[in-house]
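Working notes, structure below.
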Amino acid sequence: MLDAEFFRRWMTGAAAAVDREADRLTELDSAIGDADHGANLQRGFAAVVKALEGEPAGTPGAVLTLAGRQLISTVGGASGPLYGTLLRRTGKALGDAAEVAPVQLAEALRAGVAAVAQLGGAKAGDKTMLDALEPAVEALAESLGESFAAAAEAADQGALATVPMQARKGRASYLGERSIGHQDPGATSSALLIAALAGAEGAR
Amino acid sequence: MLDAEFFRRWMTGAAAAVDREADRLTELDSAIGDADHGANLQRGFAAVVKALEGEPAGTPGAVLTLAGRQLISTVGGASGPLYGTLLRRTGKALGDAAEVAPVQLAEALRAGVAAVAQLGGAKAGDKTMLDALEPAVEALAESLGESFAAAAEAADQGALATVPMQARKGRASYLGERSIGHQDPGATSSALLIAALAGAEGAR
Amino acid sequence: MLINVPESVVADALRGIAAAHPELTVDVENRVVVRRDAPVAGQVALVSGGGSGHEPLHAGFVGPGMLAAACPGEVFTSPVPQQMVRAAAAVDSGRGVLFVVKNYTGDVLNFEMAAELAEDEGVQVAKVLVDDDVAVSDSTYTAGRRGTGATLFVEKIAGAAAEEGAPLERVEAIARRVNASARSFGVALSACTTPAKGSPTFDLPPGELELGIGIHGEPGRERRPMMTSREIADFAVDAVLEDLKPSGPVLVLVNGMGATPLLELYGFNAEVQRVLGERGVAVARTLVGNYVTSLDMAGCSVTLCQADEELLRLWDAPVRTAALRWGM
Amino acid sequence: MLINVPESVVADALRGIAAAHPELTVDVENRVVVRRDAPVAGQVALVSGGGSGHEPLHAGFVGPGMLAAACPGEVFTSPVPQQMVRAAAAVDSGRGVLFVVKNYTGDVLNFEMAAELAEDEGVQVAKVLVDDDVAVSDSTYTAGRRGTGATLFVEKIAGAAAEEGAPLERVEAIARRVNASARSFGVALSACTTPAKGSPTFDLPPGELELGIGIHGEPGRERRPMMTSREIADFAVDAVLEDLKPSGPVLVLVNGMGATPLLELYGFNAEVQRVLGERGVAVARTLVGNYVTSLDMAGCSVTLCQADEELLRLWDAPVRTAALRWGM
């Protein structure tokens, strides 16, 4: 079972990963976007960590909804509402149980990713974060929520697979064919997020 | 004796030299000024040539005063009024004789250069066009107006001698000690002007 | 860059705006700039916002006759919903608030969330989306056209209607009409440098330019060898006219991207006017300057807005903001 | 650069100014920009001019309450005497003309010649020399202090006096008083590119800056490793205060050199206000923007002008020009 501590570790790990990779994310965003993705997520996850530090342990759902709200209110841009919604909806789907089973998380994440798709109107192949998130959710579901490592691997592959895509959503879509050949920054940060999930498990 | 044709040749030669060396003059001006000296004189001497083409032969004095007026009304900047005054005063000093002796020109040039010094308030050693003009006038006077080549040589030396000077007049003076080590653009163009004089003689 | 640290550029700028413009109320912490006399009884209030780095847009357009409030986000990052919620609460006189939103995914999503939250708090909110950039084809293969220069026309003209006391539906309808009547096209002669990245957002050798750029330092649709002012004007104006096909006189905005000298921009305006004349398009008003910028990008954009008598009257109406002021 | 050919930039810009500003009369061929209603009966007329590349200075300051005419020279090259003679003839109402001359050898000589010629034609001419740049020591070893940001204060305040109908001696005296009360200091974060040269006027690596620059793309007095906005404000304000020693409130101009984003410039203003506060200097008014520029140079300058009640009243008086407008 996964407790609130696990979800805190996930968020802290994600924050550390984003910090470490911020320049790379911004670099990717400068090729096909506006050169702020790293700074955006750094700001957001720093706020998440800070908010979590100020709150009592809580439940898995509470941790994620708090994190989601922090992202929405500190990131801005496209990724703020999208990642914020991902975490809030996942958190809401987890309800207020003190511990959740991995299969429950797999289900909840699927709901979160669906909410992202609905909010942003994007689908697989549009060269967005969904191209990392959806394969991750699939891989997790296939293992009945047991293999976070497989999810991380799938997210990584999904992020890599955005390179040859032509963007159809977000800023990169303005570039038309010139968006081809670059990895999507949001898909890349999504892979970091899922890797942090696997990392949180590894640390159990 | 020097007739109006000689003075026209001088002006045309000066225009050609300025055209040829415009980039270099601008380059020198960009080191210690505002990167326009070449363009300024190109514009001015093109106007001189055009004005002379539209006028009958006239007298030596008329050629130079016309040229001076053209420079004043087309160059602007510091060099426009200064070179304009140089040629106008020299022209006035030549009076309305149809031909003038070299020694008369030497005298007239001295008056022209004195007018430049008065107008601009500069003196030898201030790192200005005077550092080329004054030695040229001296050399010419010494040869009783006979050696334009000596004048050109003196002007060249004078221009070179501005390199180690610290500017005390014109824009370069704003740089203080940083003006040291660069050749003055105005002294350089003055050397071209005197070289064109020697060239006009050579073509006799 | 003339900054302290990248993290504080927006807050620093807001403090600087507060010091320079006593006629504005600047909430530095919450990043809201409000005209000092808000809420103005009987008036609909316009609220806009977006990423910073486009100044004077939007804070420079806050004041009588234009915006009631502006919400600056981080550089090139749309603001967060709380900013707009706060702004709406501060400026609503009870007659409602119009959100002027440039069409970027981030702005759309954040303003959408803000509208829901503000309505929960009892503020009547309408939204207008500005999407004037013809360099982007508006299809299912893109996020839709970007909002660029037309934002100025929308904010000025709808702001004048609000100042006149028009009700929310009318102010909204006018804003939509302005957007529907306006198109833009932009060109970059250099990339820009964001504080966070600290180096140019893309490589553009001096002898080349990017056609069809937005206002976020992103590359354009196409790179070409350098063109003359004349050629750029032909290209940009024709791109706009092809899409707009105006049947009457137009408002013209010849906009600098930030680092193009006014000397060059006015020269470019001469070429823009020439093409318009050649194409038989009558010009009602022309505005030249750096209004919708992309930090220190060199380049320009052309926005045309077909203007009927009403729009023209509202354009000419008095306005009193930091960046656009006349008649008062 | 957004140009056709270097030779035509000034003429192109003048055509663009004419198209954008129907309230100005622009003589493109003779390079004179005049307010349309000139000569204005009963008013002294201010005429200024200088090299182009500093826009909006001076043409952007022509209009009621400021200049009667401007004479733009080639880029960074002072205008020729005929321009000022023509301008003086066009604007003189019989009450005389004040030439506002920035202290550069070229400007001084050309305006001097123009004054003589205009007086020959029966126009009464007075001159004021603007020399506010404290980076240059005013000694026999220099051409004297450069005229930079204070020009805006002189033209606005003396222009307001002229608009009120003050006689020439009074307008001249006020102009002199403003210049005597004002000092500036400028900093470059990049060089600029003139059309004629086509490449930066000097090499300045990104990690360095030039302190004590003028407005002609010339290097400054000293090069240093990059400083923060805070450090630059300390340095610039202290350089000005050391020389000015104001005993009362000041007008502040935080001026961009052309390519510094307004976002950064406002942030810099916050730092300027902080230093002034720390030094106990009260601020009466603040103006932030790109007003006295050096083409596409990145950087800024600070101008302070000690303002008594009269100068303040004249500063606040209505003005209606392309670049500075309030109250009408």
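For this structure, a couple of remarks:
Each chain carries a letter (A, B, C and D) given by its place in the written order, and its residues are counted from 1.
Assume a residue touches a chain if its C-beta (ideal position, glycine included) is under 8 Å from a C-beta of that chain, and two chains touch if they have at least 3 such contacts.
What you are looking at is a predicted structure, and each value in this text was computed from that prediction instead of being measured.
Counting hops only between chains that touch, chain A reaches chain B in a minimum of 3.
Using CA-based centroids throughout, the chain positioned farthest away from chain D is A. Taking each chain's centre as the average of its CA atoms, chain A and chain C sit 31 Å apart. Chain B and chain C, compared by their mean Cα positions, are separated by 53 Å.
Here the spacing of chain C and chain D, counted between their Cα centres, is 29 Å.
Multi-chain contact residues of chain B, defined as those touching 2 or more other chains: none present. Shown for chain C are the residues in touch with two or more other chains, namely 75. Contact topology of the protein chains: linear, an open path with no closing contact.
The set of touching chain pairs reads A-C, B-D, C-D, using the touch definition from the header.
Across the complex, chain C is touched by residues 1-5, 8-10, 12-17, 19-20, 52-53, 55-56, 60, 75, 189, 228-230, 232, 254, 258-271, 273, 283, 286-288, 290, 293, 295-296, 298-300, 325-328 of chain D.
Taken together, the chain D residues at the contact with chain B in this complex read 6, 51, 73-82, 104-106, 109-110, 112-113, 135-136, 140-143, 146, 194, 196-197, 201-202, 214, 216-219, 221. Across the complex, chain A meets chain C through its residues 26-27, 30-36, 38-40, 43, 72-82, 119-120, 166, 168-171, 173-176, 178.
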